[in-house]
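Each of the two complexes below includes subunit A, the first together with subunit B, the second together with subunit C.
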Partner chain A sequence: MTEPNASETNPAKPASPLVLRLRRFRRLRRGYYSFLLLAAAYVLSFLLPFLMSDRALVVRHEGTVYFPALWSYPNQIFGYSQSLGLFEDVVYSPATFGVDSVETSTDYRELKERFEKSGGSNFVWLPPFPYSPTEQFLAEGQLRAPDREHWMGTDDRGRDVFVRLAYGFRISMTFALLVTSIAYAFGTLVGSLLGYFSGWVDLVGQRFVEIWGGIPFLYTVIIISAAVGPSFVVLVLILATFGWIGISYYIRGEFYREKAKDYVAAAIATGESNLTIMVRHVLPNALTPIIAFAPFAIVANITTLVALDFLGFGLPAPTPSWGELMKQGRANIREWHLVVFPLLAMFTTLQLIVFIGEAVREAFDPKVYSRMR
Partner chain B sequence: MTESAVEDQTTRLPDQSASPTLSVRDLVVRFEIEKNWVTAVGGVSFDVFPGEVLGIVGESGSGKSVTAMSALRLIPQPPGEIAGGQVLYRESSDAEPIDVLQLPYDELRRVRGNEIAMIFQEPMTALNPVFTVGMQVREAVLVHEKVDRAEANRRAAEMLTRVGIPDAEKRLSDYPHQFSGGMRQRVMIAMALVCQPKILVADEPTTALDVTTQAQILELMAEMQGRDESIVLITHDLAVVAERCDRVVVMYGGKVQEVGTARDLFHHPKHPYTKGLLASLPAVGAKKGERLHAIPGNVPSITQLPVGCKFCTRCEEVMDRCHTEEPPLHVLDDGREVRCHLFEDEAK
Partner chain C sequence: MTAYFVRRFLLVVPTFIGVTLIAYTIMRYVPGGPLDQLKMQARAAQAEGGASIGGEAGAIPEEALEAAKKAFHLDKHVVVAYVYWLGDLVTGNLGESYFFQEPVGKLVVERFPISIFFGLTGFVLAYLISVPLGIVKALKHGTSFDFFSSATIFIGYSIPGWAIGTLLLVFFAGGEFYDWFPLGGFRSTSYFELPEFVQSWEDPADVEDDFGRFRWNRLGYLSKVADQLWHTVLPVFCYMMGSFATLTILMKNSLMENIGQDYVRTAFAKGLHPRRVIFLHVLRNSLIPLATGLGRALSIVMAGSYLIELVFNIDGLGMLGFNSIVRRDYAVVMGVLAINTMLTLVGNILSDVLYALIDPRIRFQ
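Now for the complex of A and B:
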């Protein structure tokens, strides 16, 4: 974003309607701070492997420095023997299977304890919250209540709820943003073609859109889930193929309204091509309602993913997702931490987005001093 | 105002021996309204000669705007349709005329803005609100000429200066909402004229402006008009016609009712409709308390036009045959044309 003060202190500098609206948005404190908070959280969520992970950030071992968070190392580097574990009192070594070595992941928390016990210059620098979202802590049983180690307790497989919620935030946001952008791009394309060319193009196109819109969404998800197995990409595509319909209606309507205005006639009379008029003249004017609608579309998509996960048609099993945690909360209703924390996470996120949505709507409102409030 | 304007007017008659820049021939435009085809323009013909200002006058619904829009094929399709006729454009007086209505899309685009330009009634909506004024004028240059952006910008600034926008260089980066109505109309004129078109079609360019601004805009249009360039001025304001036009086409019910020079038409109106229009103007010397003359009745809806003369329902000199038989456009000795049975004898 551009520096606002430069343009605000210089009133002679002309501002486009978009810049004016962005300025108005910045003045709506609640929405603007919600936006900053959420944007910061989302950016931060991409650093999650360095904040919440069972892999150490830096390990110094016998004078060499390793970065396990970035690359994986076989555990014998840190002085582990190549035993693959005990099973019925038999110790298996790589030689048992006729290989020299096996890449085994290291328990860096244990390594840290060992280094600290032995002293010396070896050290392990762990992330601030050294648990991974799929790691199971079964030593003290599953469904642990919150304590100092696991701030929000563990779930029915002994996984840390706090870590899973954090990773789930990144997945939910990425999912919603992707679905919204794809749906917006496609909906805008279809809507502007139908709205601009109108006539029989619109007549035939609308019928196809209606037929498409008549396909029941949930059944499609269930069928496709059963057929190909749901994955992040498949779910994004399924949701996007249904999400564009509403957007195309908005854009189509806006195109009908905008193209009747004189500036379009003026552009035609100047001799500009259909494509130029459509993309450069009408489209920027037609985008207003769907921009104002975007935060709510994101809310809807987050909720849809949660619902699908809750029903079990969502992301495949070990993926940390909010819906899956809520499902656990319903199954273990007496474990308050499994009910409260996932709901709280979702409530906060959705509330922040709704605040942003409100502010965007108000910033884009052409009638600032409307009496109908 | 009208009376005195007519007295003072120095009519510069166009060189009618030259071939017209634009000839509209038997133009028919129809609209489909609730499954019925309604004829908005029913066979209109007129010529625009190089260097003249041609006024097209008529009440709302008389088909004057539709006629003008058809010259650039700006009729929205559907519901509209140019059902017949020709719009012949000559680049120079000895060039072969081209029929705008038959041009393929690419050539039509070359004519639009470059040869025939248009300005619109509502300056408030005729500029795109999301683009700077500079961009919109520049765009008009870039569409038709292979010049770089800097040159286009220079041309835009020069044009804005010529239409009287102070500090034009700086105002290029302003947005339409920072301009007043009159200023926007000046920008529109700059946009229309930046490619030096031969014909400027102005569809009620001053209707949305206040009176002082109206005068300035009309003044500006006259100033900008080159020797061979013609203006088609569509208006319902007779004062504007009296002041600015060389020749006048009076339209009613989608038909041309009378054609003549502005001077002749104002001093010796022939068609009962033209007479009625002029009589309904407030005169400066009128007695206090005297009622203004009005043409009785309302403009008939174009869905229910009479079979015969389109004006027969309101005409004060109506005859029986007017209801059944539409008069042809009689050409009189002095080059005037009148569509009225009263002038049948005079025409012969």
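Now for the complex of A and C:
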């Protein structure tokens, strides 16, 4: 396996263990490239409104330039009111009713066709994939098989599957990252308190942790979310309140072990406060499990969200979600694209995270396996 | 050691009480409970009855409300009500289902065999495949066999079993592709659900009772086996996938770790045959971490995974629990939850007992 090279470390000032580990991580190519790929995809997913949306990026109309992706404009601006007769699909423009003030969304794909037909300097610059995740293509039929226009078909409400998967990626990732951070922060807090103070604090605390950990977690999540009516924030909080138990055990163990070491005794002897010892001295040494387990916790949290959405107790209805698509796929067993594509998205994402996780674990906890002969 | 485990078993009691008390409390304060349902039913009845009844809409007789309150101990403090529930549980009475109008114990007992059947089959298969595969992978670490089998394992690692289930259904259960397996269920519930080849040798008249209803028990022995297997393949595959990946990796890593130990070098040095070293010395030690998984799998094996049961429409314990949550059938939810909690807690201790039994180095205090 990879060993830190003596020539790489500066002899004058030895690199910190963290730097060494990160360097080792970068050398584990599969994990490192997975990390780069996933990070890039996640950052890119925040630009989704400009990549996949039914709102045009730039519209030029009669010499004025508009940015519909940033602001919404009423129809009339682009001259819908005059030429309505030519475009029968636009049934309800505000102008139809003689109302000028009501804002309504403009069909920019149509506007583009119109501008192109009429020629002139007007133009519409659409996003590369000009559909929004909640837009229903009912005229073209629901449950459409994949074709050139909708690469992965449409779902049972006529929404583009590809776009919903892409937005679902951002939501799943954000969700899992939030849950994991909150749960790990709390788990670290509890674990370090129990491990550091030990004694009766630990004895009583452990009982509570045990009870909390014994609650059948998905059951309770479903009960609560059936009652409260789940939103993104509520779900994050519920999952976080159940997700901290595993890591608290590890942190508690680490604190137990570290506490017995001489440097802690020395710190106590110099009169440092418990808080300083815990945060400044012990915690940095106990961080390995957090970093090593976080990727797998993220995998678990994404899976949980997909399962909850699949059961119908996840994020509220129009939210683009992988699990909800799979639920539709289970209900419409002939529509293979509703199952295959969400699974593919899930598999790819989780696989990348697992690769990252394995590399992180190897970089932070190198266990050199000897091979037979 | 014995004292340790006795203490552990005694500690199950407070933990169990804590868990069920919390669940009981959550359930009690969640809207949509028995009273709300009663009111809703009354309102629905009122709507059906129309104006002929008159009176204020949604009103139910005060006595009925009181009776329901009494039945669910809603007129008492939560803790008192819980103690009543616990007392019933200890005497073996799990209460009565609101939805089925049947004792919860009966519902559970009916479904236990179904869940165990799938859970246990999948569990045994997972071990039967993972252990040899893990051994081979460890011995051939770094070869192309290791690499390509890892690719399959990765699928199991990152996609949960129930999700694979939906994929299997789409491809093999009469979607656009193959119609090899049924869409789900434990066994066929009518003659026409039977696999075609079974239909070809079973006469519908033979398997019907006097009222013309389908009776699975009247099928021939071979037909029973065929029909059961036919319904078993896909769900069991999903159960298997759930633990297959982790088990194989665990087996492989554990074996490789042991191969690096000094005693293995000694065994090789004194000229033992490699096969003897691996299977007699290394394997026995590497199986220890897998043994601990046996206990922790207890609740999945016995109570089933409700996700897999839902995907395959298997009327087992998991599905009963899930549907009861949806229906707010509290007695059933609490019953299933109590069983699940007990299985998990006992399973955890069982794991440690196994661990201590197998590995004499382990000493709990």
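One rule holds for everything that comes next: the second predicted complex is superposed on the first by the 333 of 373 C-alpha atoms of A that agree within 3 Å, B and C clash if a C-alpha of one lies under 4 Å from a C-alpha of the other, contacts with A are read in each partner's own complex, and residues count from 1 in each chain.
The rule is short, and it goes like this: a contact is a pair of C-beta atoms (placed from the backbone, for glycine too) under 8 Å apart; a residue touches a chain by one contact, two chains touch by 3 or more.
In this text, all values refer to a predicted model and were calculated from it rather than measured experimentally.
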| item | value |
| --- | --- |
| Clash or fit (per the criteria above) of subunit B with subunit C on subunit A | fit |
| Touched partner set for A:211, first subunit B, second subunit C, both or neither | second |
| Partner chain(s) touched by A:303 [first = subunit B, second = subunit C, both, neither] | second |
| Contacts of A:330 with subunit B and subunit C, given as first, second, both or neither | second |
| Arrangement angle, subunit B at one end, subunit C at the other, subunit A at the vertex (C-alpha, nearest 10°) | 80 |
| Partner chain in contact with A:37 - subunit B first, subunit C second, else both or neither | neither |
| Partner chain in contact with A:291 - subunit B first, subunit C second, else both or neither | neither |
| Contact breadth on subunit A, by residue count: subunit C or subunit B | C |
| Touching partner for A:219 - first (subunit B), second (subunit C), both, neither | second |
| Touched partner set for A:340, first subunit B, second subunit C, both or neither | second |
| Least Cα gap, in Å, left between subunit B and subunit C after the two complexes are fitted on chain A | 10 |
| Subunit B-touching residues of subunit A, taken from the complex the two chains share | 14-18, 198-199, 261-263, 265-273, 276, 281, 284-285 |
| Contact set on subunit B toward subunit A in their complex | 72, 74, 77-78, 109-114, 117-122, 125-132, 139-140, 143-144, 173-175, 177-178, 188, 191-192 |
| Contact set on subunit A toward subunit C in their complex | 207-208, 210-212, 214-216, 219-220, 222-224, 226-227, 299, 303, 306-307, 310-311, 326, 329-330, 333-336, 339-340, 343, 346-347, 350-351, 353-354, 367-372 |
| Of all residues in subunit C, those that touch subunit A in their complex | 11, 14-16, 18-19, 22-23, 26-27, 30-32, 139, 141-142, 154-155, 157-160, 162-163, 166-167, 169-171, 173-177, 183, 253, 256-257, 259-260, 274, 307, 310-311, 321-322, 325-326, 333, 337, 340-341, 344-345 |
